[in-house]
Each structure stands twice: as C-alpha cells, then as structure tokens.
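Starting off with a structure, shown below.
In this document, chain identifiers A, B, C and D correspond to the written order of the chains, with residue numbering beginning at 1 in each.
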Amino acid sequence: MKVKRDGIKIVTIGGGSSYTPELMEGFIKRYEECPIKEFWLVDVEEGKEKLEIVGQMAQRMWDASPYDVKVYLTLDRREALIDADFVTTQFRVGLLNARIKDERIPFSYGMLGQETNGAGGMMKAFRTVPVILDIVEDMKELCPDAWLINFTNPSGMITETVIKYGKWEKCIGLCNVPVNSMMKEPEMLSINGEELIYQFAGLNHFHWHKVFDKTGKDITEDIIDAMYTKDDGTPTNIFKVDFVREQLEQMKVIPCGYHRYYYLQDEMLKHGLEEYHGIGTRGEQVKKTEAELFELYKDPTLNYKPEQLTQRGGTYYSDAACECINAIYNNKNIPMVVSTKNNGALPDLDADSIIEVTSYLTAKGASPVAWGKLNSAEKGWLQVMKAMEECTIEAAITGDYGLALQAFLLNPQVMGGNIAKQVLDEMLVANEKYLPQFAKKIQELKEAGVKVKDEKVQRLIAEGY
Amino acid sequence: MKVKRDGIKIVTIGGGSSYTPELMEGFIKRYEECPIKEFWLVDVEEGKEKLEIVGQMAQRMWDASPYDVKVYLTLDRREALIDADFVTTQFRVGLLNARIKDERIPFSYGMLGQETNGAGGMMKAFRTVPVILDIVEDMKELCPDAWLINFTNPSGMITETVIKYGKWEKCIGLCNVPVNSMMKEPEMLSINGEELIYQFAGLNHFHWHKVFDKTGKDITEDIIDAMYTKDDGTPTNIFKVDFVREQLEQMKVIPCGYHRYYYLQDEMLKHGLEEYHGIGTRGEQVKKTEAELFELYKDPTLNYKPEQLTQRGGTYYSDAACECINAIYNNKNIPMVVSTKNNGALPDLDADSIIEVTSYLTAKGASPVAWGKLNSAEKGWLQVMKAMEECTIEAAITGDYGLALQAFLLNPQVMGGNIAKQVLDEMLVANEKYLPQFAKKIQELKEAGVKVKDEKVQRLIAEGY
Amino acid sequence: MKVKRDGIKIVTIGGGSSYTPELMEGFIKRYEECPIKEFWLVDVEEGKEKLEIVGQMAQRMWDASPYDVKVYLTLDRREALIDADFVTTQFRVGLLNARIKDERIPFSYGMLGQETNGAGGMMKAFRTVPVILDIVEDMKELCPDAWLINFTNPSGMITETVIKYGKWEKCIGLCNVPVNSMMKEPEMLSINGEELIYQFAGLNHFHWHKVFDKTGKDITEDIIDAMYTKDDGTPTNIFKVDFVREQLEQMKVIPCGYHRYYYLQDEMLKHGLEEYHGIGTRGEQVKKTEAELFELYKDPTLNYKPEQLTQRGGTYYSDAACECINAIYNNKNIPMVVSTKNNGALPDLDADSIIEVTSYLTAKGASPVAWGKLNSAEKGWLQVMKAMEECTIEAAITGDYGLALQAFLLNPQVMGGNIAKQVLDEMLVANEKYLPQFAKKIQELKEAGVKVKDEKVQRLIAEGY
Amino acid sequence: MKVKRDGIKIVTIGGGSSYTPELMEGFIKRYEECPIKEFWLVDVEEGKEKLEIVGQMAQRMWDASPYDVKVYLTLDRREALIDADFVTTQFRVGLLNARIKDERIPFSYGMLGQETNGAGGMMKAFRTVPVILDIVEDMKELCPDAWLINFTNPSGMITETVIKYGKWEKCIGLCNVPVNSMMKEPEMLSINGEELIYQFAGLNHFHWHKVFDKTGKDITEDIIDAMYTKDDGTPTNIFKVDFVREQLEQMKVIPCGYHRYYYLQDEMLKHGLEEYHGIGTRGEQVKKTEAELFELYKDPTLNYKPEQLTQRGGTYYSDAACECINAIYNNKNIPMVVSTKNNGALPDLDADSIIEVTSYLTAKGASPVAWGKLNSAEKGWLQVMKAMEECTIEAAITGDYGLALQAFLLNPQVMGGNIAKQVLDEMLVANEKYLPQFAKKIQELKEAGVKVKDEKVQRLIAEGY
C-alpha cells in the first residue's frame, strides 16, 4: 500500500457509530506502524447528532495521544472520499430503529428475525446493497486506489456485492466472531493462543473452524469438550445455549455462535419470543445501551474508550479493522479470518463467491487458505446459505419481489408458506423509506391493505422512521 | 435385454402390496410386447396373509387374460431370485404401522413427519437401506444380469444406495409423481400430451419441470397459470394448497407436489396437525383403505384391478414400472422420468449422485438429459436436500447416530435444536425391531429413559410392531 | 417450430458451395414432412459465379421434383434473411484458396496444418468468427425466431461463438463424422444399425463413442476389433491409418477419424508432407474435385445430385442438416449427434461450453444426453482441446495476438517454440484480406519483414487471394 | 511436531546421493532451532559404495560442527525407519544409468526424453512408484507419526502416489525450482526479496507464478521484462533459451524453467539432440559431475559442502527440505512452495489432486493458498499435464500397458503415433530389472523382438544396469 502523502487518510462511512471510539483506540495503539494523517468520519443527516458527539470524543482521544491526527466530521461523503487510502464502512441504513423492525415483525409471526442472516439480515441487505454500490461508484471516481474495509452487516453479502457486482476487488469484509473464538478458546484450554493454528472457513456468521496445537495435533475435539463447561467466546449478543453434543462430535469442526439460529432454532426462537414479549428484542436492548454510551461520550473529559462499549456484541469488530489495515499497509503476511473471494478455497461453492476464511494478509490483500471439500452436512448447510445470499443480493439490486420471496423461503430461519410472504410484505412496507428499488411493489402492497401488525413497529413508522 | 428362456421372469419383492394388481394389469396390457413367463411375488412372514390374498387375485387376473402366466408366492427371496430378469421392489419394512409411527412421532412434537423425505422418510431409509443392500448381494449371486426396478420409498435414496453403495449399476428408481403431472397438465390446457416436450430434473419427490409445446414454445408459465384453477395432477395423498404464485412466477419451473412440504410448510403443518388430532395421519387413513382393498381382493370372483385402488396416492407407480421394463426389454428409446445416475445432468450436484430426471430408456438403461445449472434458489434447495440424503444413507449404513442427527437437523422439515434429537430418539426407540445397525444406541436411549409419548404409537409398539 | 406462412423459408449462407445439391436432394426427399416454400442461396461477390451455376442446378432439381419450390440467388444477405425460418451456414471465408494457405504454410515448417482443429482450423476460425457474429446480428433484426443450423467449420468453435458470444441460443452445429460412423459400423458387424444404441460425446472432430446392441450389451470392443479389418466410416478426406490397438483397447471408447491427427500424429504428418511435396495438400485436391463438380453442374440437363459429390469428404453433412431441420420442425424427438450447449453432459468441461454430443432433437432444439466423467486420458485430451478452442475464439473476436499465439502453442498439432510463432505470423500475413481484427499486427509483421515462404501460397497471394 | 526423545531422528532414503552434504549443511545451519539427534542414511546394495563415501563425509561435517550428531549408514531400510520423526526421500531407482536410458531412447527417436515429466519422467515414475508405496507401508508400521518429505522426482507424481494411493497424508513434496526463482528475480530487479509477495501454483516442474511488491503492486510484468536481459534463476540443468515474449506478455504470469520443454519444444529438442549426438545427454554429464564429486568426498579432510555441488541442477533441493522440516517442527507458519493436496486451491483440478503451490507451513503441514481459476491457455496445459500424471501413476501401480501408452500419447513432449509405442516399448525393455509390475508385458515385447537401438543404452544393459 503506497500512500500519497505523509500519512494515511482513513474515511469511515457511518462514522457516527458508537463503535468509533474502539476504532480510534485501535489506530492510536498502532500509530507507530500505521501513521494516520487524517481521519474522516462521514454520516447522514439522520445521524448528525451522533456523529458530532462521537466525533468530538474521537478528536479528544487523539488529542490525549502523543499523535497529531485530525478528525474531520462531515455529511458530505464525496468530499471525504477524495484521495482516501482506506475506507471503512460501519453504517446502518435506518439506524437501530430499522433493526428493531427487522426483529419485531418476524417475531410477531412467531419466527426468528435474526438481523444478520435471518429475515432481518435479508431486509438489512435490501437497504444496504444500493448504498454500498453508490459508495463504490464514488470511490472509483474519487479514490480509485483505496481499500474498502467493510464491517457493515450482513458483512459477507455486502462484501460479495462490492466485489461481484461493484467490481471493486480491493475489498475485505470483517467480522468479530472469529476473533472472539481465537481469544477465548485458548483460555478455555489454558494454552497460549499464539501457538495455535486456526483454520476457519464458511460464510460470514456461518463458518466452522478447526484448531491444531503447536505440535500439529488436532485439538478441535478438546475444545468441543471444553465448550460444555467454559466460555467459548460466543459474542455477548447471542443467547448462549449449548449445541447438541452428538452433533458437534460428529462434525469434528466447531460452528460459530450464529449457527445456533439453525442448529438450535427451537431454543433460539423460544428465547427470542420471550424477549420480544418481555424486555424487548436485541435491537431494543442495544438501542438503550447505545443511548447510554452516547451519554457517556458527551462527557467532555472522556478521552478513552469506556469499558461499557465492550459489553456490546460487536466488540473487536473495529479492532479487526485496524489490524487488517495494518497488515495491508505494512505487508505483514499474517493470518486473519476475513470475507474475501473464494478462489476455490471452498470447492463446494463457486470460485467467485465471497466466503469467510482464514487468509494471509499482505499488501496485495487477502490470500485465502484452501480448506477442501466439506462433509455432506456442512456442505448442504453452506450451499443453501450461499444460495440464499445470492437471491438476497440479486433481489436487493434488481428489486425483484419474486426473488426476495425466494430468498425468504430458502432461508432456514423462515417458516415456509404464505406466512413467509406476509412477513416479507410487512417488512417491505415498514422499510418503504429505505427501499427505492421496491417502491412499486410496496405501493401495491399498501394498496392491497398490507399493514404492520406489531404495535411498536407501527409507532416507529408513525414517528417517521 | 436378453432373457434366458422362452419368456421373462419377474420377481417382485414386497409382492403382498395392495398395488400388485396394478402391476399385473400393466403386464397383461403389455404382454404382446413383453412376454412374461413367470411372476414371483416375495414377501416376509409378517406379510404372508396379504401375500396370499393378493397373490391369488394376481393369478386370477392372469387366468382371466389370454396369457399363460404362472404367479408364484414365496417367503424365500433367494429361491425367487434365481435367474430373474427383472426384480421390482415395492416392499415396506415394518408395513404401514411403521409409517404411522414415522408420521405420528414428529407431529407429537409439532413438526412434519413426511414419510418420503421428511423425518418419516429418513427413518424409512434407516429401515430400508440394510434390506435393499442384502437384496443386491443376493442378486449378485443369483441373477447377476437382472435389472432392479425400485419403487420402494424413499425411492431416490434407495436407488442411490443400490448404485453407489451396492455397486449395482443396473438399477432404475421410479416414481408416479411425474407421470401424474404429464397426464393432468395437458388436460388443464386441453392439449394432446403426446405433443408436449417435458423436461424434469431434481431429486425424487423434489424435482422441477418445464414444458414446451410442439412448436418448441415454452408453455411452463401457461401451466403455472392454470394450476390456480384446475387439477394439476398432485397425487391424492398430498393436501392440495396453492403455491405462492409470485414464487412460481419467478422460478419459471413447476415444482412437484411434494415441494409443498417446503414451500408451504406452514400450511402443510397445520393441515397435518389437524389430521393428526382428528381423522388420523395419512398412514392411518391408508391403513383403512388398504384393509378395504384386501377385503375386496378376497372376493374369489374379482379378477381385475378394482377402481378403489386408483384412489390411493401411489397410483401409476406400478404402471411406470411396467413401462420401464418394457422400454428396457424392447430397447424402446422413449423418454421417462426416473432416478438414475446424474452423470452431470445437474451440474450443481456430484456426477455420481442419483437424481430424478427425464431420461431416454433403452436396452442399456436410462440416459439422462442434461438440464444445466439451476438458478440460485432451486440450486440451494437441491443441494441441501441431496446433502440430507447423503447423511441419511450413510447413517443408515453405518448406524452412526451423530450423522442421523445431522440429517435430521439439515432436513428443512425438521425444526432445529434439541427437539430434533428428541424426535429422532423416540423414532429410533419406536423402530428398534427394524434397526439392527442402531441397536447399541437404541439400548442407550432406552436406558436413559427415552420413551415414545404418542399414545397410538405406544399402542402399536405394545402390539409388537 | 411455427412458420409464418404456407411453407418453410430456408436461407443458406454460402449457397454457392458444391454441397448445395446434396442439401436440395435432402429437402426434396423430406418435402412431405417439411414443406419448403422458398430457398434462398446467399453468397459473396467472390463466389458469384459458383452461386449461379449451383443455384440454377438447384432450381432444376426442384423443377424435376413434384414440388413447387423457388430457389432465390442473392449476394444481399440481409434481403435473404427477412423472416427466414431456418438459416444454414456452409460458407468458407476466402474459399478453397484460403484452405490451401492454411495447409501449406504449416507443412512448409514440417508440421500439420489440419484445416478444422489444427493450425489451419484455428486460422479458419480467425476468418470466420467475425462473419458469423455479423450474421447473428442480422438475424436478431431480420428473423429473430429462426434457427441457425451451422455446418461451417470449425463447426464446434463457430457454434460456441454463436451461442456464447452472439447470445443466440437457437443454434445447432452439425458434422458428418458421427453420421458416417453410425452408417458404417453396423455394416462392419452385419447388424441392423436401427437397433443399435449410440452414445457420442466430445468436441467437434474430437469426440468418442460407445455402442450397445439391442439387448443393452456394450459392443464397442467388437467394433474396435472390426476396425482393424473393415471400413469404419472414416471420412474419405482423412488418410486412413490404423490406431494403435492397445490404446483403443484401453480406452474402450471409439475415437473419431480426426483423432488420427493426435493419436497418430507421426503417421499423419509423414503422409501429409508426402502429399504436400507431391500431389498437393487435401485443399488442392479438393479444389480440383470441386472444379470438376462445377463443370458437371453447368450441364443444363443435370437435375440430380451427381455420384461424384459423394466422393468428397464432407458427404452427409447436408443430409444431417436436413434431418436436423426436420426434427425441429416436426418435433420428432430423435437422437442425433450435434454441437450444442454442454449443460453438464460432459462434467469435465464448463456447463456453458459447446460440445458435440448425442442429443434428442425436438421442437425446442437439442437436449444433450449426460455422458458423465471421462477417464483421465480422454479427460486430458478433451480439456486441452477445449482450452485451445477458447483461446482461438477469443483471439478471433479481440484480435489479441498473444492469445492467438497461446492457442497455437497449446494445440497439440503445433510444435512448440518460436517455430509456432513463425507459422502463425506467416499465416496472418497470408490472410491479411480476411482478418480485419488483426490488421495492426499484420502491418507490424509485414514491416518486420515477415513473408510467406511457400511458393504456391506466394502465388495465391500474388493472384489476389 | 512432537518428537519422542531428546532430539529429532531423520531418515534419508537414498542417503548415498551426492546431495547429502547439502542436506547436512542445511541441518547444521539450523541445529539450534532443530536439534537433530540421529541421522540415518539408507541406500540399496547397488549404492553401497556411494553411501559409505558420502556417509563418512556427512559424519565429518557434523564432527566439524559444534553439535553431537551421529550419522548411521545402513542398507536395512526397516531398521532405519523405527521411530523416525522425518523421512526424506531422495533415491533414484536404477541410479544415473537409468536416467541415461530415459533420455537416450527418446532422443534416438528424435523426441525429448525429459527426465521429470517427459518420457523419461514417466519411466522414472514407473520405477519409483512401487518403491515409494513400499516405503509408506513400512512407515505405517514403524514410524506412524513421521512426516515424509519427498524430493525424489518426479516429485509431484510421487507425492500424489503417497497421499492418494498410499493414504499417507503427512507428506510434502519439494522442488528447488521455485526457490531459485525467489532468489534470482529480486536480484534482477535489485529489490530485497524478503519484501516481495510470491504466489505460485501449478504442478511440480509445471507451475506459474506472480509477484507483488511491498505496496501490493503486481510487478510480474517487470520481471518478465527483466528475464530477457538477466539471470532469472532457471536451474543450471535446463538449457536456457528465451520464452516467446508475446506469449508471456499475454499470460501475465511467469512460467517455470521446465515449461521450456513445452513452450519452446522445438528449441529444446534441437539442443537436446545436439548434446545427444555430442557431449552426451544431461544424465551423462551429471554422471561425470557426480563421479568428480565422489572423488572429492573421498578426501578424508573434506568436512564441508564443496562449491562444485552447487553447479548441479538440483541445488537448494535439500535446503528446501531442511527449511520445510524446520517449519513443521517449529510451527513457523511461513510461506513455501510445495507439492500438497489441492483442496480447491486450483479449482480447475480435482480437489484431491496433488499440486505445487504456495502454502503456509505449520506443525500440521502445508496449507495451500487458493489461486482461483486459471485463464484458458494455462488451464488447458495444467489439465492435460495432470491427466498425464494420473495415467502414469495408475499405470505404474497396475502395470497396465495400455494406460502407459495413453500416458505417453497424452504427454505433449511425446510425438503421437506408433513411434510413441516404440519408444515406450524400448524403454520398458531397457528397464526390465526395475519394473516388476510390467514383467509379463516386457517378456512379450522381448519375444516379439523389441530391442533397444541406442548403442550406449545397449552397453549399459549389457553391463547389467
């Protein structure tokens, strides 16, 4: 990575996110290796207030560091992108209110609304895909040599959109889930994690991994054993219920935390419905946490990442981003788990699909390690999920309602039948503002009397969200 | 097909089936082309009474025909197989009582128990796979040139077992579902079916098809249109509820009747639960029909297939078998939809998988027509179902409990989580008698207190089934 | 196939070919099934004289038949294409003189110049690909429902160009080689060919086949045996030398006549060099035969296909075309060997490659029979030849010289090294007139002093060819 | 890698090789990281004298080092293998005399006899495959945890034999060709090689690579440029003639030195024939060099690797082996180019093929980096070469003569036709002693009068080689 001036210019789309302080901390920690010159935080009108709060806090963090870095805040994405070296994306179209809709509508029909690869995740993709493609178009014009480091969810689908449809090869998708596993699993076995050899492969929020010790011995089954008594690093946002042990023993690979929405669908659904009828869905909980975080951030004396941020599910996401940028900038040749082009690493999928896989990161980007063919069960799960992603992305780009419906029906989290259509229809109507590509269909649905039934979602819509 | 004597020897395993008269009718109709010499009906001790009733009726049918064919009844499979030309398999391990268990246990947990590729179908495979492999071993010894025409369900999985694991290439799997479509769809459009070009591909009970008229025009969408107003040939055993129209319009291919258990899971589940709590599951209904049929068959004057047989779901199954044997014997080079080795016809699956596909039948067997790559949604469905089949077959052969569990979890009809394990466990215990490969695990489960909860199933077990 | 008026309109590009009378004979024979209304023979200025001679003869043939068909002769392709039902292509850019160059230049370097998939064939593709794409563009405008039946060589590459690059799906490529085998092999074994089951797969002029008798027995090895004593139908244009017997016995499939240029390269090269230094290359021989044929055609009393035409190598080519059109028009559902989209029939190649394969022909076109995976040796040959075809087609479209060179180096008929470049360079210079896409490179080559060394080719160029 | 005692036990099969001092030097250099305890050099009776000379020299080298390592010399392979940690294989069945036959017989027919993947390489595989499978069987019994580091040629085919047929997964194949490129190319561009990112993929002696600088810029074309003026690290055993420049510019990847036998076949053949008729083939030259080396080794004062060894073609082979063992033993996670299981890294080949590819080496072995699909020309070359390897290995295992012939005909270095059979036949007869699997066929050939024509080879045979 060759930068054009005396320091790196980083642009963060969705800069008003509550995670921004973690990103700052990450870059402060790595400044000697990665000399940042300018940091641009970009957000939309709706997020202006948050941008200002977190932006000022970000500047305070740098000011408290030994380094002279300027944080720019702007609502003008194109201004920010000029000559960027790295663009990171952490935006959420429609903010947390959209997530709340994504979760509550499916639950109101008695089904899971998981916000990254369930019904909610597909809807999030519908909102996000057009925006990320716009960003890519701007980048082609304004910073054609920049790397796009995506951690906007659904991270795998968004990365696939950028690379396959946006034709922007310099893109890497990130996720904190593998990082968590690689931090917690060694602790479970009281081994130094540095000595372990990790191999991950699958899709974002749907990958498996194996672990080997420093003598080359496969210790995956030891970790599986330990998972039933210790903390395995499942992100805090996922309700932790044990996998069926005989399944894991047969698989001989470790699923990720999000596999619970499939392998333990019954338990996850029951828990989700309890929250839905009780303290509120995860989105509602996060909204409160976030409000509290922003209250903290307002404190003009706070110039470091507060402990409370670590409580949120997405922690280490931004740290992964910093590490990834560092690896590219300094040609570090280190293994990381990222979303990148398959290239055959998982031969059960097309070579041009985006997968999440242990890769070596150098100045030329991510080189995925070939995993080989999966066993039948994992193969089947992987293929159906990738097919669902393909339908989702294409529906998001074309606004093809039939394809959106196919994606919903194919998704194992969504109950088949007209009920899937009803959930989809309500979600489309509830997201009207953010789905120009489906405008005509949404109009039809409204004319046909489709209405959101969940009262909280009704209220959000009434409030203009 | 070269036969060794002055007429064909056909052996039917499961000869005591109520469908046997249809088989007889089919061969009487085709006698001039297919000169049968001997017909051997084989069954097990449990089915002896039925064998005798239907066997005598079968002989009466031939006696009423102009042809001199002898029907042999035996419980000794090996005696029957000697020098057979064609072996047809239509047996049901555990008879209809096993089917009733297959259906009732899943329903008792609030999920579908579909007897061909749902939970019931997987359990049926567990019972049937060891038996079919035994039959193949006998055939290698006793009739090494014979063709095995399988219509025992799950027909696709059983055919895959015979070809991939039994290494018996001369096997064709049959199903009546495509036949029904090809009979009813032309009627819907008032077209002569002979003129249409049908192309089917997928798996048994999970295939799609396209239709072209005699000018080469794709009329698939016309048929889709008509499906919403007319009888499309869905077998009578499947509850008929309309597919979501927008889905079919997007697919531009026609699903089979059994797709309802996936595409319309909610509706099928509700209907199934209604029957479960009411008139009884499909298996219980069929048991009654069958009892009535056998009452009819006892009539020593009945020497033709009674109308009532047509009411059962499996009608045309045996007619397909006759036609298939005819095509092989006479090298007819006609298109039929059969389960056979993929060989690339569906490039989204392994070349050595068994698929159900339009094939041309000649003396050398089935030559499948290459369909090409499927669109994403159909691809995903196909791949997950094939993976489920692979796990099921391998679990059936090895008795690997973990793999059985993986098959259950992967099956879209089965709700994920410990509930899947509970259903599996109860089903294993309820089928103890027929699952020697799982004997050790079943013992463990029983010791751990696993018990069937459904009272009717409890009663069947108590009665020794 | 639905035609727009009271009879079929057929347009033949390259209508001035000496094969045209065979085409006429074929349609006269099939008139009752395929009622032709108009026949348009199209050619270019250079071929005008031949067009007139053969065109008048064609009209005489129809006039001598009981049918009222008008043969139109034109140099205006666009006029002819209006509302065509079938377009057949049998043109040769640069006429036989181009073929002579294609053969003589490689021979002058001591290597094979085979005119369909050797050096000559690649050069022929360079000349033909741009023209066929122009024809497709005209068809899109003037006869968007027509079928394109290609028998211009290299037939496989041209068909791949039409379907993959021209995006014209209604195209079928034909070849007489399989027809010859299916006529001669039964004779060798004194079997009625109608009873045999043939299965072909591979590429045009590079396919293999297996044969089964009416009882399903594989008789491929019997035919291999007979090939060493009898006439196997190798086209008369190919020097007949026996395949190495142990190779065929290992393969257990029958290669096509053109495989001799690979499997028997040494013998074919020696024979070719003998002719090159003696009676002239095949192209030169054919030129004489053709001149004689046209002398015959001039005879105003000749109104039937003369025996002499059968002596040429391409016989049955046009008969295959008539049969193919008949099958489409009448939805005959008969097996033919054609070039069509793979769709998985040969899983060792991409699903969207064009292959030559036994297919069933109906009104919707060709449905290829899936062959399955090849053994290693055949797989390797197939893949290298397809890769060569891909490079050739893409070089022909783009005019990319490096890619043309890659195609030459990859082709097993071409000796590797700078010698390949020299042959390519001379051939490009010798074909300047027909290779606008390579114009710039040819200019450079000429400036760098590249000159054709073969004197006969020099003379042709001097004469303006 | 966990060793069983206070230091590593290494066993080298073919320990009498002239390369052994390089191996010693490599381990002396790395002793602090890799504490060797015992070194066992194993050879066969024929190589006893060489074993003793080089073995004593090896011990002198260790004695001159600060480390206490014992070198054991033995003709009893099984004794040596007991509890080995690493087994390296560098043996040559039939010694250099076999190589001389491998080269001279093809040249006597005017074709290339390249000793690694040409006719000679295939014959070498025929001799070596049975031996390596015996070694694997011994290892299963005597050192089931050991790693097999193979550098016996044809290294890729031997590694494929070990892993696919011997079912020994802990095997890595090595080659010095990539090492040479990675040493010389940075010099050509005056760049520090440590900073470059190399990506290799293909087959042993048939791979391509790309290079990126520390900013991620692809500098492959700069290296291609420089190859026409500077030393690119082509091993000294390969006649250096320039690749056709336009080809490389189109490929945009760098071929390996051995590609000259394909891309520059004409030049290589001419040069080879010159040597054949003049100073002798490469094998004959090496035989002299080797004799000189052994003269040196006899010097009881020589206790370091002499400069002359570096002149041989295979230099760095053993250094690569030391580095590979070091990486496994110390779990170093460093990139190396090795032969290992594809696992999808080259999706144009089967996932279970062995390929040569940039991999990361850890205690669990090699993790290949996924390269993705190749362009058509490279794909075609790769696939035909892999198919040739597959035929060769299977023929070597089964002794199937027809398959051996298929391998010869498929190999682009071998001229097609009966001439290929003649070369094969002579080579089989000349290698009778080492080809028990072909014994019956060789007997037949001899009875049919097959005799070696080359006089020098006749002499070798007469001398009992």
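For this structure, a couple of remarks:
The rule is short, and it goes like this: a residue touches a chain if its C-beta (ideal position, glycine included) is under 8 Å from a C-beta of that chain, and two chains touch if they have at least 3 such contacts.
Since the model is a prediction, treat every value here as computed from it, not as a measurement.
Set against the Cα centre of chain B, the chain with the most distant centre is D.
Both chain A and chain B derive from one sequence, and where they touch, over half of the residue numbers involved are common to the two copies. Between chain A and chain B the centroid-to-centroid distance comes to 44 Å (mean Cα coordinates, whole Å). Separating the CA-averaged centres of chain A and chain C is a span of 54 Å.
Within chain A, not a single residue touches two or more of the remaining chains. Chain pairs that touch one another, listed by label: A-B, A-D, B-C, C-D. Chain contact summary for the complex, chain C toward chain B: residues 1-2, 195, 197, 199, 212-218, 328, 331, 333, 335, 341-347, 351, 358, 360, 362-365, 367-373. The residues of chain A lying in touch with chain B in their complex are 244, 246-247, 249-251, 262-268, 376-377, 379-381, 383-388, 390-391, 394, 400-403, 405-407, 409-410, 412, 415-421.
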